[in-house]
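Each structure below is given as structure tokens.
Two complexes come next, and they have one chain in common, subunit A, joined by subunit B in the first and subunit C in the second.
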Partner chain A sequence: MSRIQLDRLHKTFQRHVAVRDLDLTIENGELLVLLGPSGCGKTTTLNCIAGLEMPTSGRVLFDDEDVTAASPHQRNIAMVFQSSLLYPHMTARQNIRTSLAKQKLDRGETDRRIAEASSVLGIDALLDKLPSQLSGGERQRVATAKAIVRQPTAFLLDEPLAALDAALRLTLRAELVNLQKRLGTTMIVVTHDQVEAMTMGDRIAVMNEGRLEQIGTPDEIYNRPATLFVAGFVGSPPMNLIAGEIAAQEGRTPFVAGDLAFVPGTPIGAVGPATLGVRPQHLHIQADAAEAAIPVTVFAVEHLGRESVVILEDDESNKLHALVEPGFAGRVGDRLHAAPDPAHCLMFDQAGNVLSHAEPEAGGAP
Partner chain B sequence: MSAAQRTAELSNLRFSLLLALPVLVFLLLVVAYPLGYALWMSLHEISFFGGYKATFVGAENFSDVIDDRKFKKSLWITVRFTLESVALAMVIGLLIALVLNRKMRFAGLVRTIVILPWCISLYGTGVIFSNLAKGQTGIGTAIAYALGFDEAVNVVNRQWVIEVLAVGNAWNMAPLVAFFLLANLKTIPSRLYDLAAIDRMSRLETFLNVTLPPLRFTLFVFTCITTVLSMKLFDFIFVLSGGGPGTASSTLTYRIYKESFKDLDLGYGAAMSFMLLALILGTTLLLYAFWGRREARSI
Partner chain C sequence: MRIRLSTIWSWLALAVVVIWTLLPIYWFLKNSLLTPDEIARFPQPLYPLEPTPAAFFNIFGFEYEMADGLVRRGSGQANQIIRGLGNSLIVSAVVTVVTLFVVLPLAYVFARLDFPHKNKLLFAILLAVALPPVSTLIPFYAMYVRLGLSGTLVGLIIVTLTITIPFVTWMLIGYFRNLPQVERLARIDGFSRFETFVKIIVPLGRSGVAVAAVIAFLFSWNEYTYALLLVNGTTANTLPTAISGFLFQHPEPSHLAAAVVLTMVPPALVAFFLQRHIAEMNLVDPVR
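And then the complex of A and B:
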């Protein structure tokens, strides 16, 4: 168990900058998710923490000790890779055993630990099978057993569930979180799947183009995104982003975009080009025109059972998403008006930084 | 479908036989007939002088071959040549594959150059290595002169001629081995090397546990192929050493050629060629029994 710190971590490949001056602290026993689109530098960051990649500059600290130059084994980390990588010619048991081969444990202790790990993960019956004889989920469990058997200081998981089907992902995701909480070991999970990040992480670090966009609890990331990128990346269906500008008018500063003239719940001082962000559940659909509503046409209706997603198109063919009750009667082609809820709107300046924060609703995270 | 219609059609078996007929005829002409004729010859004493005459002698040719000291010597030469050729071809092939698998500039060009030896006919390879190894034109002499000695170095001698042959043969075969191994190497996920690093495997352990396993089946297949090719090799030896000096490089194929077409003892040569066939079949069966079965199971 340990606290991991990244101190101005910088990594370039030839001329391509993968990670840009990253400062990050992962607390002892915390489950941190590194979230971002592919190519954002999250896997490179994980490789640097693991010791598989040498940072171009900056330091990696485990419990305040500089381990930048230490090998993965010296750091005593365990790693689970995408598609649950195992040595293909070894049985599950042999695969798990290689984790302990250089630990100088006696045979009894090795066998005891393997038995313990395999009973925790429920893979006792699979130990003598080859990876090719295991299903994706079984391989994932064996790879996890191989990781925990070493009793590492930290678990590093690189897209551990990406190769599995949706139902299995759901099950294993809960199992992984449960396991991490029981063991209390620091865990870092890399993923590009925002639902996975929201459900697993104690905190989420959102990365983009090698930079840290925001770090915070799932609730903070969802309800109080610091940048336009985070706002657009997290949430499904995605947040509606409407480009316009903040106009200076007498006594108030409305946000103006086309026909929309909208006064946000919290006053904004700045004036200039801006983007309005509103979550689909806070975009209300109404039949009547209003100053604070956008005229739209229904493009598609997706019924999800508990609710429905209405995809709307404004007059410039921009798509907007709104969550509505399942009884929504609108049909494709209907003319309606979409009104953002002033209490739950975000404003972003031209650089993509947030200008105002609406008060987060209680229990707003999905 | 009515019964009348059905009788007008061919059964599946007949139709497939009809389709296979051209190939069956071809195989009968080029495989079954020569093989049967060779078997017939091996049971006869055939003489050309004083008129062509074939006398049935039963298994006499075979028992003569088994007692023949020259045959035993040729058998040993074949085994030695084959072992050296296969070992060199596999090791060189593997090394080339490992080098080509690294990231490098002009990888395509390097691959093109590396495959070239395989494109040269064995006859051509024979001419090249004959000139490289002989005293008058060889690199041995060139190096000796460069170092200040004034003596020609000829490696086509009784002691080293087999090794010269094996090196030339391996030079010709190794590129193909390398390319098949390279194809296997490309399938290894790079993350498996990271896993090995986390498990603190040494370079040797990483090679044995990550690099080698996906190559083993290909190594087996090419050991079989190069074994068969080396045992039945003729043209290359004919051009390079002509079975000499003396009989120092008279492999079984060369001995069969000499008995059959120079001494015109066709029955005896045919019997010897069946011995070679038995050697090839026996070796590959042994390779399969002790190695191939295990590899086939693991894939």
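And then the complex of A and C:
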């Protein structure tokens, strides 16, 4: 078990910067998710923590001890790779055993640990099969057993569920979190799937272009995104982002975009180009025109059962998403008006940083 | 059931290929089992009426007593055949082992690691494959005469390696490239690069290793051009060149046929025992 710190971690490949001066602390026993689009540097960061990549500059610390130059094995980390990579020519048992090959344990202890790990993951019946004889979910469990059998200081998981089908992903996601909480071992999970990040992480670190955009609990990331990137990346359907500007009008500072003139819940000091962000559940659809509503046309209606998503198109063909009650009667082509809820909207400046935060609703994770 | 025209065509094509490849082999096998009397007959029988293994004893210098009491004497070419067989086995075995030791790490490094001037070096290796053997024949001969390597097994082994090493490297690079990225897994497990290669990559790529061995063995067993110039007529003569010399020595036809059948035995055995690996070595997806 370990507290992991990254101190101005920087990694370049030839001229391409993968990670830029990243400072990050992962607390002992915490499950941190590194979230971001492909190519954002999250896997490189994980590889630097693992010791598979040598950072160009900066330090990696495990419990305040500098391990930047240490090998993965010296750090005693365990890693699960994309699509649960295993040695294809070894049985599940041999794969797990290889994890302990360099631990210098006696045979009895090795066997005891393998038996324990396989019973924790329920793979006793699979131990003598080759990876090619296992399903995706079974391979994932074997890879996890291979990781826990070493009793590592930290688990590092690189897109562990990416190759699985949706139903299995749901099950294994919960199993992984449950296992991590029971073992109390620090775990870092890399994913590009924001739902996975929200459901698994104690905290989420959102990365983009090698930089840390924001780190916080799922609730903070969802309800108080610090940047336009985080706002747009997290949430499904995505947050509506409307470009416009903050005008100065007789002591008020309304947000103006086309026909929309909208006064946010919290006053904003700055004036100039800005972006309004509003979650689909806070975009209210009404029949009547209003100053604080955007004239829209219904583009499509998606019924999800518990609720429906209405995709709307404004006069400049920008798409907006709104969540509505399942009984929504609008048809494609209907003219309606979409009004952002002033209490639940965000303003971002031109650089993409948040200008104000509305009060988050209670327990507002998706 | 109606048989489709295309089915008939494919059976026909298959028949042509099978006859084309197997008929010469059959003809030699048949002749090696005929009695001298049957060989002299016209027209020759299409299959051995009274098959006898006499020729196979004779070519190793042994007499063989036929059922009717007639004794067939050992072949006059027995010494050449025994020595040729021994030399061929030595050359092929050494070439196979050395090729594997050089090629496995070489192909692995080219397939999986990055280093400066990789492509230029790879091109240099492939150039050696593209070169027709005849073009290097005279230079090798001139060099070998000076070095005292002509007419020696060592000389023949070195020359053969100049062909098997680049060729097998070229074949295996694609195979190694398609193995899964287990190196990262091995580093997490604490293996060094060398340990990873020996303990993980070689066992994982055993089909590729087997095929590399087959190619190296068959090439050196069948090698004729260099052997003809460098070792023919010396004590280092190999079986193919020795047999080609029989054309001018007029041996008994069944002895010639038996000697030819003998050259086909080791490749046939190799192919038989390693066929599973050969079929398995799918160059696109080595591990299924």
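A few notes on this one:
Heads up, the rule we're going with is that the second predicted complex is superposed on the first by the 366 of 366 C-alpha atoms of A that agree within 3 Å, B and C clash if a C-alpha of one lies under 4 Å from a C-alpha of the other, contacts with A are read in each partner's own complex, and residues count from 1 in each chain.
To be clear about the criterion, contacts are C-beta pairs under 8 Å (C-beta built on N, C-alpha and C of every residue); 3 or more make two chains touch, one makes a residue touch a chain.
The structure presented is a predicted model; accordingly, all values stated were derived computationally and were not measured.
Superposition model on subunit A: subunit B and subunit C are shown in a clashing arrangement.
In the superposed pair of complexes, A:I77 makes contact with subunit B and with subunit C alike. In the superposition on chain A, no contact is made by A:I221 with either subunit B or subunit C.
Look at A:L85: by the touch rule set out above, it reaches both subunit B and subunit C.
Using the contact criterion defined above for the overlaid structures, shared-chain residue A:K102 touches subunit B and also reaches subunit C. When the two complexes are laid over each other on chain A, subunit A has residues 50, 52, 71-73, 77-79, 81, 85-89, 98-99, 101-102 in contact with both subunit B and subunit C. The residues of subunit A lying in touch with subunit C in their complex are 50-52, 71-73, 77-79, 81, 85-89, 98-99, 101-102, 132. Contact residues on subunit A toward subunit B in their complex (touch as defined above): 47, 50, 52, 71-73, 77-79, 81-82, 85-90, 98-99, 101-102, 130, 158. Note for the complex: subunit C touches subunit A at residues 180-182, 184-185, 187-191, 200, 203-204, 206, 287-288. Contacts from subunit B toward subunit A in the complex involve residues 189, 191-192, 194-195, 197-201, 209-210, 213-214, 298.
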